Each structure stands twice: as structure tokens, then as C-alpha cells.
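In what follows, subunit A forms one complex with subunit B and a second complex with subunit C.
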Partner chain A sequence: MGEFAQIVINGLIIGLSYVMLSLGITLTFSIRRVINIAHADIYMLGGFMAYFGSQFGINYFLVLMAALVVLGCLGAVLDTLLFRRVRDKGPAGPMVLSLGLMYLIEGVALLAFGEKVKGVPSVFKGVIHIGSISFGVERLIVMGISLLLITGLFLFLGRVKWGQAMRALAQDPEAAYLQGIDINRMSMLCFALGFSLAGAAGVLLTPLFYVGYAVGSTLIFKCFMVLVIGGLGSVLGCLVGGLLLGLIEAFVVAYVPGQLAVLIMFALILVILLVRPQGLMGRGELT
Partner chain B sequence: MTTFKRVSVVVILVIFLVLVPLLFRDSQYVLHVFIMCSQLSIVSLTVRVVFTVGELSFGQVVFVMAGAYASAILSTKMGLPFWISLPLSGLVSAAFATLIGRPILRLRGTYFSILTVILTEVARQGIRSLKFLGGPQGFHGIPRPESIHIGKFILVPEFNTTDRLPYYFVIAFLLTITLLVLWRLEKSPTGAVFRATRQNAAVAESLGINVTRYRILALSISAFFAGLVGSFSAHYITIFYPETFSLWNSIDYVLYAFIGGIEYLWGPIVGSFALTWLWEYLGPSAQYRMVLFAVLVIAVILFFPGGFLSLVKSMQSLRIVLRKVLPKRGD
Partner chain C sequence: MLFEVRNLRVHYDKVAALKGVSITIAERELIALLGSNGAGKTTLLRTISGLKPPSSGEIWFDGRRVDGCPPHEIVNLGIAHVPEGRRVFPYMTVFENLKMGTFRRKDRQQISKDYETVYEHFPRLKERRAQYAISLSGGEQQMLATARALMARPRLLLMDEPSLGLSPIMCQEITSIMTEIQKTLGVSILLVEQNAQLALELCDRAYILKTGKIALQGRPQQLKNNHEMKKAYLGM
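Moving on, here comes the complex of A and B:
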């Protein structure tokens, strides 16, 4: 029983980080119609912020706030400098552009931080016991903050005027223009939010795992799997797909030995592809 | 095709097929790099074939892998000579593409590209866990191509480990054939249909064109040539693992095509040759290579989306403009 709960918690934590990453990709996709392949590298930047934060003894929450702000600004800047210029040029060019961006960020990280992966000591020590089940406090806090951020984003999209404007742009750009919605401003906001979430995920999860310059390119692949499971362009699909992938991974890794685990996961993906190639939540509007 | 173009194509082919082997006959290193360039060019060209129907495929390495594995099995387990397993593995790869094309080509644009990324990983992991395909150890000891005699007359000499020249001729020949076939394809009605499905699939469909079938056809053609490269590389390096065929190779094929100019038939070739030689010049230890590559890619997409070749074209048009503006000599 204890082991089972542990696996669920692990799966949820990984799943939530997938959700945080792929939410940003989905948001920016829904407005710019571009998959930003470099998105997961923002996780890596967040991770390095956590690493240097702990090296210099800066408060964990301060680092988290800094990651949210700094990486959010980076998103807005990159949107203005790069992605705005390739709008309405078909999906291929912008996709290659973001690939270039990924190489750029990883290349610079390689030069600046070196090849070695880095660990960050855990911030919150202690274990909570509930009956026979025990949880690490750190994992619970990470889960809590992730949930908070994701809920915040959902509330923003649902209740706040700018969030609604984003959804309008995703559903019908022409009609949104006619309502006076500025696509460039919204797109900057989208990139900022997406990058903030990705950076926060990096700060939150690096103490549990590790960070290295190439961590983004393994993660982006997981994000693609989330998008394919959930359905591209669907925020709800992100949530479902991310949690599902995290849980499946945790269970398969725990109960199935080594190589078979990977194969089973891919077989599941393959089944989804064959039965519902557009993803579980279909391709639809941004809700 | 103008006479100038005709002549320049012939000149390039002569340089490639005659001059390079004559000049670098003794430099195994140069020959090796040329062999790698040619392999990259062919696969990069296949990226372009899929691009003519409007899709960006990151999955070309899967077809290379299919060709390599098909060839390895055909030659080691069934004892077929290289010269038969080469075209057969191209066909196997094309058949595989037809099979998987049906589900994945239902999706378009970004979604298709994402699926191809996942496909590369699925295929690699799948092969890793299949024992009869060698598992994680892959294949080793793939026989080198056989010599061909007709009576006393030696048509193809013995292939050995010390001389790469015969390999060079094989891959140069393959590249020439690929280029010819793809050029003919582009001029053919089928090529026109490919372009039509890219520009507006709905209109093409309303004209009675089975768009899905043509999309699958394009993928299969691309897979055929990628499979040939896979087969060749299997017999060239004689050993490979599932990790030989990673997503990064696939991404390189795409980036080379874009840097060279994916709208032009020669673009992928120019990109592959230029960048491979650039990397060789910089050396393997250059850590800034990744940044340089990134800057190149971003610059190409932002400032000259037509790639290197579009620069050449614009210089040509500049010359024409200058010729009209400047006073003629003798006036």
C-alpha cells in the first residue's frame, strides 16, 4: 500500500511537471501556430537558476520568483525578436527556427555550465507519516506549488479578460482582431506565461532530479508525447495527457523490468496513435 | 533548362564523379568525408521530397534504419549479395513507409512533424528490445560488397578495408541516380500533383485528386532512397547499433536541407556538403560548434529563408539588374 501511494505521488509529480511544460507549448502554439521546440530548455535554465541559487545560498522561494519573472521576460523578448517575424509562414520554417533556438540555448549552456550534470540538495527535509504511508515533505511541497501554478493559469484563461482574449485568438483569430485584440501583445504574454511555467518547473524539480545542459532535449520529447496523447492545442488535453504519461511512467517503471518498460510505454502511445491520431481530447479550442 | 544550367550540372557531375576520385585517390580521409557528405545529401534530399507535399518529416532516420536493418538481415541471415540487398532494402523501407504513412499522414503540419519525432524514438526503442533484430548490440560483421565478374572481365573490383574508392563510386552513383530521379519526378505530372497538395489540399481534392494517396506516395519515395542509404552505410561501416540512428541525425538532415535551401533541388546537397566540410574544418572538439550551427539556422530562417542557394540566385538577379543599369561597354 505504501509503495503504491509512493508510486502515485511520484507519477503525479512528474506528470505535473509535464503539464507545466506542455501547457506553455500549447499556449504558444494556439496563438503563433508554432511548436516551440526550445521550450523545454527553459526548464533547464530554471534548473540552473535553482543550482546557482543553492550554491550562493539564496532563498528557494526567491529563486522561484526570480525564475518566474526573468524567464517570463525572456519569453516575451524571444517572441518579439524571433517568433513574431516568422508568423503566417507555414509551420515548417518556424519549427526549424525553434530548433535553432534549442541548439543555441543548449550550446550556450554547454559553454557556460559545462558538460557535467549538476544536482541540487533538497530544500525541505522531513517525512510525513500517515498510517503505513510516508511522504517526503519536499515532494508534497513541489506538488502543491505545481498545482497552484497550474490552477492559476486555468483561472487566468477562464476568468481574466486577457486570458479570455487568448482563447478567443486561439479559436478564431479573425474575429478576435475585429474585437480589437492585439495579437502581438497577447502572444508576448503567452510566451511569458509559458516560459514562466517552464522555468518554475525547472526550479521545482531540479532538487528532486538533476540538471544538465542537454536535459531539455530529453524533456521536449516527453512533451511531444503529452501533446500527442492529449491532443495538440487543447489545454485540457495537456492536463490529462501529462498526468496520464507521468502515472504510466511511474507504474511501468516500478512494476515492469527495464527495457520492457520503455517498450510498453511506446506500445501504449502507438495504440493511441492508431485509434485516435488526433489525441484523446481531439484538436480543438483552447479550453 | 538553360544551356548555362545544363553545362554547369554536367561540370558538377564530372567534378564529382571523375575529378574528386582522381585528385583524392590517395587520401582516405577526404574520400571518407565525401562519402559521408553524399549519404547525408541523399537523406537530406528525401526530407525535401516529403516537403514537396508540404510536410516536414523528422522521421527520415527511421527509413535509413529500416534500410540498414533490412540489408543486414538479407546479407547476413539469408546470404544475399550486397548488389541485390541494396535495392531490396530500399523497397522494404518504402513498404514500411506505406504501412505507417496511412495512419500518420492523416495528420498535417505541426502535428505530423511531432508524430515523426516520436516515431524515431518508438522505432529505436522497439528495435532495441527485439532480439532477432540484434537488440541493443545491433549488427556487426556485415559483409562488404562483393566483386562482380563476367567471365574474366572484372566489372566491380574487390572491396576491402583499406581502400574507400570503390565505396565512393557506389555512393556517388547513388547520389547521381537519386538526383536524376527526383529531378524527373519534379518535372512529371506526379510532381505537379505533389506541389498542388502542398499549396492547397482542399482544391486538389475537389479536382478529384486522392490527396492522401499522393502524400503516402511521396513518403514512400523518400523512404526508398533513405533505405538505399541505410543499406549502403550498413555495408560501409559494417557495424551498427540502434543508437546509430538517433533523432539528432534526423534533425541534422532537416537543418542541412533548410540551410542549403529546401525550395531548390540542389539545396539539400549544397547544405550537406558545405556544413559537413565546415564541421571537418572546425574539428571534432569544437564546443562552440553547436552555437555556430544554431546561429546559422536562425539566420537562415529569419534573413534568407531560401537558404544558401537563394543567396546565389539573388546575386544572379543582381548581376542582371546591374547589366541593365550600367552603360554597355563601347557606348
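Moving on, here comes the complex of A and C:
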């Protein structure tokens, strides 16, 4: 029973990080029809911020705040300088741009941090016992903060004027312009939010796992899997898809040896796609 | 003069959609813009609301030159556009759609009052305020699109073919709403319509657009008596 609970927690934690990453891609796709392949590298940048934070003894929450703010600003800057210029030039332009960005960021990371992965020591030690099951405090905190951030975003999209404007923009851009919604500002906000979440995921998860220059490349595939399972453009789909993928991965990896695990995951995804090709919640609009 | 278009030219690539169009709209006037498909009516509205920049000419609103301004500035200045085909936000509720109309406004107290006013004029929207817009009928969506534009507190309302695809009963409702908007709320309206009969009943003056140019203009009575008009647009 205890083992089962551990697997579920692991699955949820990984799943929540997938959700945080995929939300960013979903947002920028819905508004600019951009699939940002470099997105998962922002996770890596967050992870390296956590690494440096621990090296210099900076408070954990301070590092988290810094990642949210700094990487959010980076998102706004990249949108203004790069992605805005390839707007309206078809889907290929932004994708190629983001691919180049990915290589650039990973190249710089390789030069700066070397090729070995780095671990970050846990800040929260200790274990909580509920009944006969024990939960690591650190894992619970990571889960709690992830849920907080994701809930925050959902509330923003659902209740706050600018968040609702983002949904409007995704559903009918011209009608949105006619209400006075400014595409440039919205796009910047979108990128900022997406990058913030990705960076936060990096800070939260790196102490549990590791960070290296290449983590982005592996993660981006998982992101695409989430988007495909959940349906492109649906934030609820991100949530469902991310959690599902995380749980599946946790269980498969726990009970099935190495390479077979990856195979089974892909097989499961194939099944989902065969049954529902648009993804579980797919509608193509930000809903 | 509240609103004036002077010698407007608009091109799509090399093709001229508007070839020197001039119109005026005074306060509280309902002006009809008529003409067959492809005459340039929608293009004119889109250029006014900032979706399409003009090639040359001027647009003046409230003493200010506004041609070439981006859509969000046009809304700020007091011109709202109800586009062709309703274009409500499908997966947002009626209330959320209305809220989007207030996007550029900052006067919170007045906005709350305006929701009430809108619900009074559009009781069916009040009933359905928590429903997704996509679940509304065509007529209700047209009302929603119109109400959404009104939530921006415009002084000039651009309406693009509001009667399209509506049943006769709904047409009547839209017509009476437009009259109310003009007389009670004091908002000027530029109405693009294919249904010339309907438009001539409502308007103070009309312009007939033909392949990008104004072919005729005048008061409804004058136009109804005009022979060319009768043949071409009123099917008499």
C-alpha cells in the first residue's frame, strides 16, 4: 500500500510538471499558432537557477520567485524581439525559429555548465506519516506549489479580464481585436506566463531529479505527448493529459524494466490517438 | 460632424476595393450603406475599425484623424464594430462575451450599471447569461454581438449585415433594437445591409456603393423614388 501511494505521488509530481510545461506551449499556440520547441529549455534554465541558488545558499523561495520573474521577462523579451517578427508568416517560420532558439540555449548551457548533469540537494528534509504511509516533505511541498501555480493560471484564464481576453483571442482573433484587445501585449503576456511556469517547474523538480544541458530535449517530447493526449489548445486537456502521462509513466517505470517502459507508454498513447485523434479534450480553441 | 470619411482608397494587393469613398455621419444619425456583394461595404467598415489600413484618404472622428489607427485605439476613441457573421466568442459565456466588450474601459461603477442596461434591452441575453455563446440561436448571437459592442460605450456603432440569416421575427427585433440604440442611447449607426428595404425603413440617409465607389446617396424617400434604385436594389 505504501509503495502504491509513493508511485501515485511520484506520478502526480511528474505529471504536474508536465502540466506546467505544456500549459505554456498551449497558450502560445492558441494565440500565435506558434509551437515553441525551445520551451522545455526554459525548464532547464529554471533548474540551473536552482543549482546556482543552492551553490550560493540562496533561499529556496527566493530562487523560485526569481525564476518566475526573470524567466517570465525573458519570455516577453523573446516574443517582442523574435516571435513577433515571424507572426503571420505561416506555421513554419515560428517553428524553425524556436528550433534555432533551442540549439542556441542548449549550446550556451553546454558551454557554461559542462556536459555532466548536476544534482541539487534537497532543502526540505523529513517525512510525514499518514496512517501506514510515509510521504517525503519535499515531495509534498513541490506538489503543493505546483498545484498553487496551476490553479492560479486557471483562475486567471477563467476570471481575470486579461486572462479571459487571452481565451477570446484564441477563439476569434479578429473579434477580439474589435473589442480593443491588443495582440502584441497579449502575446507578450502569454509568453511570459508560459516561461514563468516552465522555469518554476525547473526549480521545483530539479532537486528531486537533476539538471543538465540536454534535459530540455527529452522533456519537449513529453510535452508533445501531453498535447497530443490532451488535445492541442485545451488547457483542461493539458491538465488531464499531463497528469495521465505522469501517472502512466510512474506505474510503468515501477513495474516494467527500462526500455520496455518507453515502448508501453508509446503504445498507450497510440491507443488513445486511435480512439480519439483530436486528443481527449481537443477542440483547437483555447477553452 | 461626428464622423467623416474623405476620399478613401483601399487596396487588397493590387486590386482596389474602395476607389475614393466619402461619407459623413452626424450625431444620432443612422446611415445605411447599401450595395451588392463585393461592392466594398465590408471593406469600408473594416478600414474604419482599423482591421485594414487604407492606401490613401482620411477618416475623421470627433475632430481627430483616425485612419491607420490600430483596432484597439479605434475602440478607445468610441467606435465599435459588430462584424459580419456575429463573431461571438463561442466557448465563452454570454456574460464573458459582454465583459470582453468592456475590455478597454476603466470606469468600473458605470460598467456594472451598463450590464443592467444591456440586460434590460436584451432580456433574452439576461436569461442566458451563463450559457456558452455557441449554444445560442443565430438571432440571439446577433443580439449578443450587438450588446457586446454596446458595452464599449461607443458613439458610433458599425453594423455589418445584422439581418443575415435571421428569421423575419428576429429581423424585426434587431430593427427595433437599432432604433432604440439610435434614439434612446443616442449612438450613431453605420448600417451595412443587403436587405435594402429594411435599411431604408430605418435610416436617415443612405449611400449606395457600387464597385468601390458611391453611386447614389440621399434620403430614403428620394432613393425610393429613384428609378435606378428601384430596379437595381428594390427589385421593383
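What we mean here is this: the second predicted complex is superposed on the first by the 286 of 287 C-alpha atoms of A that agree within 3 Å, B and C clash if a C-alpha of one lies under 4 Å from a C-alpha of the other, contacts with A are read in each partner's own complex, and residues count from 1 in each chain.
Quick note on the criterion: a contact is a pair of C-beta atoms (placed from the backbone, for glycine too) under 8 Å apart; a residue touches a chain by one contact, two chains touch by 3 or more.
Keep in mind the model is a prediction, meaning the values are calculated, not measured.
> Mind checking the superposed model to see whether subunit B and subunit C fit together on subunit A or clash?
Taken together on subunit A, subunit C would fit alongside subunit B, as the superposition shows.
> Based on the superposed arrangement, let me know which partner A:V271 touches: subunit B (first), subunit C (second), both, or neither?
In the superposed model, A:V271 contacts neither subunit B nor subunit C.
> Quick check on the superposed pair: does A:G107 touch subunit B, subunit C, both, or neither? Answer first, second, both or neither.
After superposition on chain A, A:G107 lies in contact with subunit B alone.
> According to the stated criteria, A:Q171 is in contact with first (subunit B), second (subunit C), both, or neither; which is it?
second
> Vertex at subunit A, arms to subunit B and subunit C: angle between C-alpha centres to the nearest 10°?
90
> Looking at A:L148, would you say it contacts subunit B, subunit C, both, or neither? Reply first, second, both or neither.
neither
> Regarding the shared-chain residue A:V228, is it in contact with subunit B (first), subunit C (second), both, or neither?
In the superposition, A:V228 contacts subunit B only.
> For the overlaid complexes, name the partner, subunit B or subunit C, with more touching residues on subunit A.
Touching more of subunit A: B.
> With the two complexes superposed on chain A, say which partner A:V69 touches: subunit B (first), subunit C (second), both, or neither.
neither
> Touch test for A:G180: subunit B only (first), subunit C only (second), both, or neither?
The second partner, subunit C, only.
> Rounded to whole Å, what minimum CA distance do you find between subunit B and subunit C in the overlaid structures?
17
> Considering only the contact definition stated at the top, list the common interface residues of subunit A for subunit B and subunit C.
Subunit A residues touching both partners: 283.
> So in the complex, the part of subunit A that touches subunit B is made up of which residues?
Subunit A residues touching subunit B: 29, 33-35, 82, 85-86, 89-97, 99-104, 106-108, 110-111, 221, 224-225, 227-228, 232, 259-260, 262-263, 266, 269-270, 273-274, 277-278, 283.
> Write out the stretch or stretches of subunit B touching subunit A in their complex.
It comes out as residues 51, 54, 56, 103-104, 106-107, 109-111, 113-115, 117-118, 121-122, 125-126, 128-129, 136, 247, 251, 254-255, 258, 262, 287-291, 293-298, 301-302, 305.
> Considering only the defined contacts, which subunit A positions touch subunit C in the complex?
Answer in residue numbers: 161, 164-165, 167-168, 171-172, 174-182, 283, 285, 287.
> Taking the complex as given, what residues does subunit C use to touch subunit A?
Residues 49-51, 70-72, 75-76, 80-81, 83, 87-92, 96, 99-101, 103-104, 148-149, 152.
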